[in-house]
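Structures follow.
Both of the next two complexes hold subunit A, though its partner changes from subunit B to subunit C.
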Partner chain A sequence: MSRAVPVPSIGLYLRGLIVGVAVAGLFAAVGVQLVRLSLVARTEIRVASAEPIGRVFSRPDILDRGGRLVATDVAVPSLYADPAMIIDLDEVIEKLMRTFPDLDAAELRKSLGDHTRRFAWIKRGLAPRQAQRVHDLGLPGLAFRQEPKRVYPAGALLGHLIGYVNVDNKGAGGLERYIDDNLGIESVLGAAPSRIPPVALSIDLGVQQGLAAELKEALTRYQASGAAGLVMDVTTGELVAAVSLPELDPEKPVEAQADGRENRLSTGVYELGSIFKILTVAMALDGKTTTLDKIYDVRQPMTFGQHTINDLHPAGRPLSVRDVFIHSSNVGAGMIALEAGSARQMGFLSRLGLLSGARTEAGPVAAPIVPKRWGELETVTIAYGHGLATTPVHFSAAVAALLNGGSRVTPTVLARRTGIVGERLVSAETSAGIRELLRLNVTSPHGTGRRADVAGYRVGGKTGTAEIPGKGGYQRKAVISSFVAAFPMDAPRFLTFVSLFEPRASEETKGQITAGLNAAPVTGRLIARIAPLLDVLPERATQEAASRAN
Partner chain B sequence: MLRLLSVAAMALTIASAFGLYQTKYDTRQLEAKLQAGERSIEKMEGDIAVLRAEKAYLARPERIEALAKRQGLGPIAGHQYVLPGELQAKVQASQHEAASQKAEKASVRGPDHIEALLRQQDSLAGETR
Partner chain C sequence: MRVSRTDRSLVAEWWFTVDRVLLTAFFVLIGMGAVLSLAAGPAVAIKKGLPTFYFVERHLLVAMAGTALMLSVSLLSPRQIRRLALMVILASLGMMVAVLVSGPEINGARRWLRIGGHSFQPSEIGKPAFVVLSAWLLAESGRRADVPAFPLAAVFYVMFVSLIVLQPDVGQSLLISAVWGSLFFLSGQPLSRITFFGLLGTSAFAGVYATFPHVRGRILRFFDPSSGDTYQTDRAIESFTEGGFFGRGPGEGMIKTILPDAHTDFPFAVIGEEFGTLACLVIVALFAFVVFRALWHAWRDPNAFARLAITGLSLLFGLQALINMAVNVGLIPAKGMTLPFISAGGSAYLAVSLLAGMLLSLTRRRAEAGRVKKPSFRTTMAGMELGGADSR
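Let's turn to the complex of A and B:
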């Protein structure tokens, strides 16, 4: 079988080589692709949305002090259109207008008639039933997207603090705005719940409700034009409750702009009247320019040029600092302040933070109105709470520092995990002196605060009835009557502040509009109601006395 | 030899093609399953959010307060606190009081009509059974 093997020519050999290499290359490519497909992790396939979608945001929940839900996001359907897909524009507009009469037909025609657009919102945040009705219309070019929508289960109870969000679920005021700026919100497609941990408030919903209910009752009982109140932890500055009436519904942000709807606790500045005597006495005690037993002759009114400073109920005898406080003598307070001096007074108030603006997480706290000229007359009027207008939040924080042993507190609406020890503002002795005076003002039969007493809870407090400045001077009949109190007074834990705006005289108040007869009893009822919620136990001795009496 | 190699390679390629197709098909199935799962999680999460909001709405203090008032409840008064050591005495005293009150009621008002009615109903129920 010897056949002559044809000697392959160079050309044939080359051809074979080329084919061989090509085939091997192809096999190798197939092999590589197989390995790649089986080994390499597939990148996630996402359906790219054809339409440019408006950004929406998912927000963290807001909880109260005890973990109760105050604000959360729920998914709601929002209706949009792809104008390029719309067949019969007139039909779409007519049917949509029949379903949602509040839509603007002209606006709709403009946005849906533009065939270059692929996306246009029609109506956002629909109820499930509304969405079903639109779905049943069976119109091409209309579609829904799930979007997060902020809801407030607690309703208007926390309205002034919470603020509000806009249609994209972005914070536009109050605490919601603070969350955007400081804690961050997530831009989302659809309505995924937020992964940001919830925000814990210092507010306790139960206490907040107690305060709101008492203030609402006071509003009708004393026919006041408004009311405000707060409960503050004196060591941490946490606001446990903060109510300003009328309330604000966070779901109706338009209302916030209406007159008289401002947050009277932080955006309104007021001359707060005699409750300022707490600061005056603290200043003099801390500066050691007086002692609790020092006697002042308050029998004569003070005169500065054409101004005369009187006492509402002149005592007709010289008074000690204790008596000046419980009789709420303007002349006495003026004398104590003059003795200490204007510079000391200004420095003291400034140190307490009363002369500058501030802010909490719920928004700015208005700057006070400070007199341009701070002379002797101003020193005297400020001593009893006129001539310097400040916010209740400012004032409460200052008094909290005087009560807690002398450390500065910074008001907050967020829960503080640890008690922050602030800078020392006054000595422990001064703080003890102020506590004694406040308690005395409630226990003494002559004290202006005796109607605020609650058996067992050792309440201490001070009244303030400030005439509201009107045209041509102060108005005798229009006052802000306030009561600042703390309990339990031997080691104060909570401060309460209650203000009634323009209360009317009634039979119950014996024809008077002074704070001792309206704001003080409101505070008493408030403390009786909230102390159990705040884990403050009533004192044993008084408790036994009470049960014997029953 | 070369032919054998070619045939083997061809068979291998076809086999891997089928294998790949199978894997891809399975993957698609799994992906669809995963997506369905994710969608249902999303829906559940949405439902949970709504239910939590509804629960919080129903438990808002304003509403609870009105309901509690209707039941005759109110804030705790100072004298209602009892120390653990005094509990025994307090319970006995209140039981004693309740017993004497009941006796007093019975002597003043005669028989308890409602109780009689309830008994009557019980016995009627017993008969029908």
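Let's turn to the complex of A and C:
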């Protein structure tokens, strides 16, 4: 057999042509279908853009200073529907409404009746039992997706600090917002736990609970409209407790908008009254314009034009600085301030940070209301705590600096692992003088703070009863009564601040509404309660009595 | 590249004889695949809890290995290609039997072997080798009467396809059958024989349809959207409508986060949503260009084996791409077929690289008896009379 030269026959060319045309036809079909699909109006085959992808966030846990859980994510089922898979819309709506009466039937009908959609949330963050109940309805087209949900085991106890999160678990206020902005949160599908290390608060849940309980009791005992208090480490500025009543439940963010729910410690500014005399005396001591023993003649009221400055209980004799302090003489404080001068006063308060706004991790601390004109009258009124409205957080940080030996502290709600030494604001001698005065005000039988004493804990403190400005001037019957204290006074570790808003007079307070009769005893009870939690050892009461006798 | 014409080394020979246009087209596809792996890869990896760039890194590694494989295979001569194909098909058949006996079951099918932590699909790598050997057997059957080449080719086909059907992978067996059928049709067999085997094939398909419930389910579902789960194809279609002509923009796609295997089965849809229909049309055109460039070589090649092998390989390549794209645009039911060079995947990618290498090798210019005088239309007419009589 001869080997033929393998030339393709014409038939083969024809067959090749057939195959080629077929393949070309297939390519053309794909191309045509592509163009056809992209020409379809997007509203017709609407994806309704399917599932919301990655809009849920997982957050780090929040712990108190002792490692106790304050906030965490738990996986909860969220109910959604694939409207295209729903068979009997009426049945679905009826059964869902029976299970969740708070759903909006019209809204449901609208979102579930749209068959071009493949995804619609019905209710997010269900309890497992609710999910089981929906599951047992056996309705096609309904399904669940696990989502992280923020829960707060401490409930409303830390509400004002924690802030809250929105439905996608994104921080919307307070510390939660701080976490979003500074520590980062993770966008997740499903309910993956966060890989970010937990955030440690400076707050101690036990102390916080003690403070909240004492303030709540005071609220009923003195029929006050509100109360606020804090406990601060005087060297680090860490807030160990911070309570503003009424409390705020972080799981009910809507309440935060209600009247009277603001955080009185940091977003409300108030004229704090006589507790400002601490600052006045510190300024004069530090500027060496006075000494503790210097005598001032406080027998005559001070007059500025039509304004007259009186003492509530005139002493009727010249007073030393010590006596001005423990008798809380407005005239005396005014004279000390005038002697030091307006410029020195303004500079001193500014150095302490009292004339500008601030921030903690829990949010902004409101800027003070500073008088437009700072003349002699203002110098005198500010000396005893009127005319300059500031926040308790500002004020406490300033006093903490005066107590800790003179170093600036920056308030924080996060645990500071290492001690920080702030810039020096006043001399150690000034700090020692202020400590002596505060302690004296509690130990002296004439001191306004004597009801705050707690055996063994060397409490020192100062009262302040400030009339609340209202229509047509100050209101005699409406006051903010405050007590700022620290313990143990020989080497202060913690500062406490207690404010009662509009307390009423009662038999117990001898018909008075002054701080010495309400805020001071509350502080005493508070310190007795929290000092053991804070590892402050009591001195034997007998020893103290003996040392006082000497 | 500067290579002297007098350089007779293997590489120099290759450089002057290889079809550089086809080579460029393959490189463009490989490059596009590498870049586009960034579209679907990270989203799928995140969803599966893997490192973000797991699939991208894997794709790049496989692409490098595949390119090396393609280039080294393209250096071989047609004879060496046949031998390579024989070795590959023997290894592949052996492994396919091993898979059936001991392979792990994934998604209800046994088609993977696990080798050193990587799963390996022997039927994929066997496909181009099968096509080359079938082309050779069918070419021999047209040329020589003394060897029972056609029965051998038929037996070979039945053996390979039944092993794939047993896995069971009906999509692949349909692809293989289509390619083998085309080769059979083009090898110059008489029409009576073609009709007979065509009927046989159709009844075999009917048998498969009746025997495998999941095949029947898939086909029924495709034709009746309300009967069951068409979720994947629905999502894929939506991605093209959402993308429009110009796309949502890189990284803006949503579908890839919803489709379970966007990086292997639906890369085309992902591209459609992010880069738009125009980009998809470019990819379709590129695949078509490769197929028709190779078919043009086959058209001109006088050597029956080379002609059939080139045709078979380019059809295998083109049909696989077409099936994947047709699934993506919702023309046919879901198949689990990858898009050559674009889809993620280890053994499928290497198989396509082997295929491309074989195509490049077979389409190289060769000095051969039939080459010297190119058959014009007139000489072909004459050849038909002479050769037609001779071959009987």
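Everything below uses one rule, namely that the second predicted complex is superposed on the first by the 485 of 550 C-alpha atoms of A that agree within 3 Å, B and C clash if a C-alpha of one lies under 4 Å from a C-alpha of the other, contacts with A are read in each partner's own complex, and residues count from 1 in each chain.
As a working rule, contacts are C-beta pairs under 8 Å (C-beta built on N, C-alpha and C of every residue); 3 or more make two chains touch, one makes a residue touch a chain.
Note that the structure is predicted; figures quoted are calculated from it, not measured.
Of the two partner chains, both subunit B and subunit C are touched by A:Phe27.
Using the contact criterion defined above for the overlaid structures, shared-chain residue A:Tyr13 touches subunit C, although it does not reach subunit B. By the document's definition of touching, both partners, subunit B and subunit C, reach A:Leu37. After overlaying the two complexes on the shared chain, residue contacts for A:Gly206 are found with subunit B alone; subunit C is out of touch.
When both complexes are overlaid on chain A, the residue A:Asp73 reaches subunit B alone and has no touch with subunit C. Applying the stated touch rule to the two superposed structures, the overlap between the subunit B and subunit C interfaces on subunit A comprises residues 27, 30, 34, 37-38, 42, 45.
On the side of subunit B, the complex with subunit A involves touching residues 9, 13, 16, 20, 23-24, 27, 31, 42, 45-46, 49-50, 52-57, 59-62, 65, 75-79, 81, 83. Residues 1-2, 4-13, 15-16, 18-20, 23-24, 26-27, 29-31, 33-35, 37-38, 40, 42, 44-45, 47, 49-51, 53-54, 189 of subunit A are the ones that touch subunit C when the two sit in their complex.
Taken together, the subunit A residues at the contact with subunit B in this complex read 27, 30, 34, 37-38, 42, 45, 68-70, 72-75, 146, 151, 153-155, 157, 190-193, 205-206, 208-210, 213, 454-457, 528-529, 532, 537-538, 540, 542-543, 546-547, 550. The part of subunit C that touches subunit A in the complex is made up of residues 46-47, 143, 145, 182, 185-186, 188, 235, 237-238, 240-245, 254-255, 257-258, 272, 276-277, 280-281, 284-285, 287-288, 291-292, 295, 298-299, 302-304, 307, 311, 315, 318-319, 322, 325-326, 329-331, 369-370, 375, 379-381, 383-384, 387-388, 390-391.
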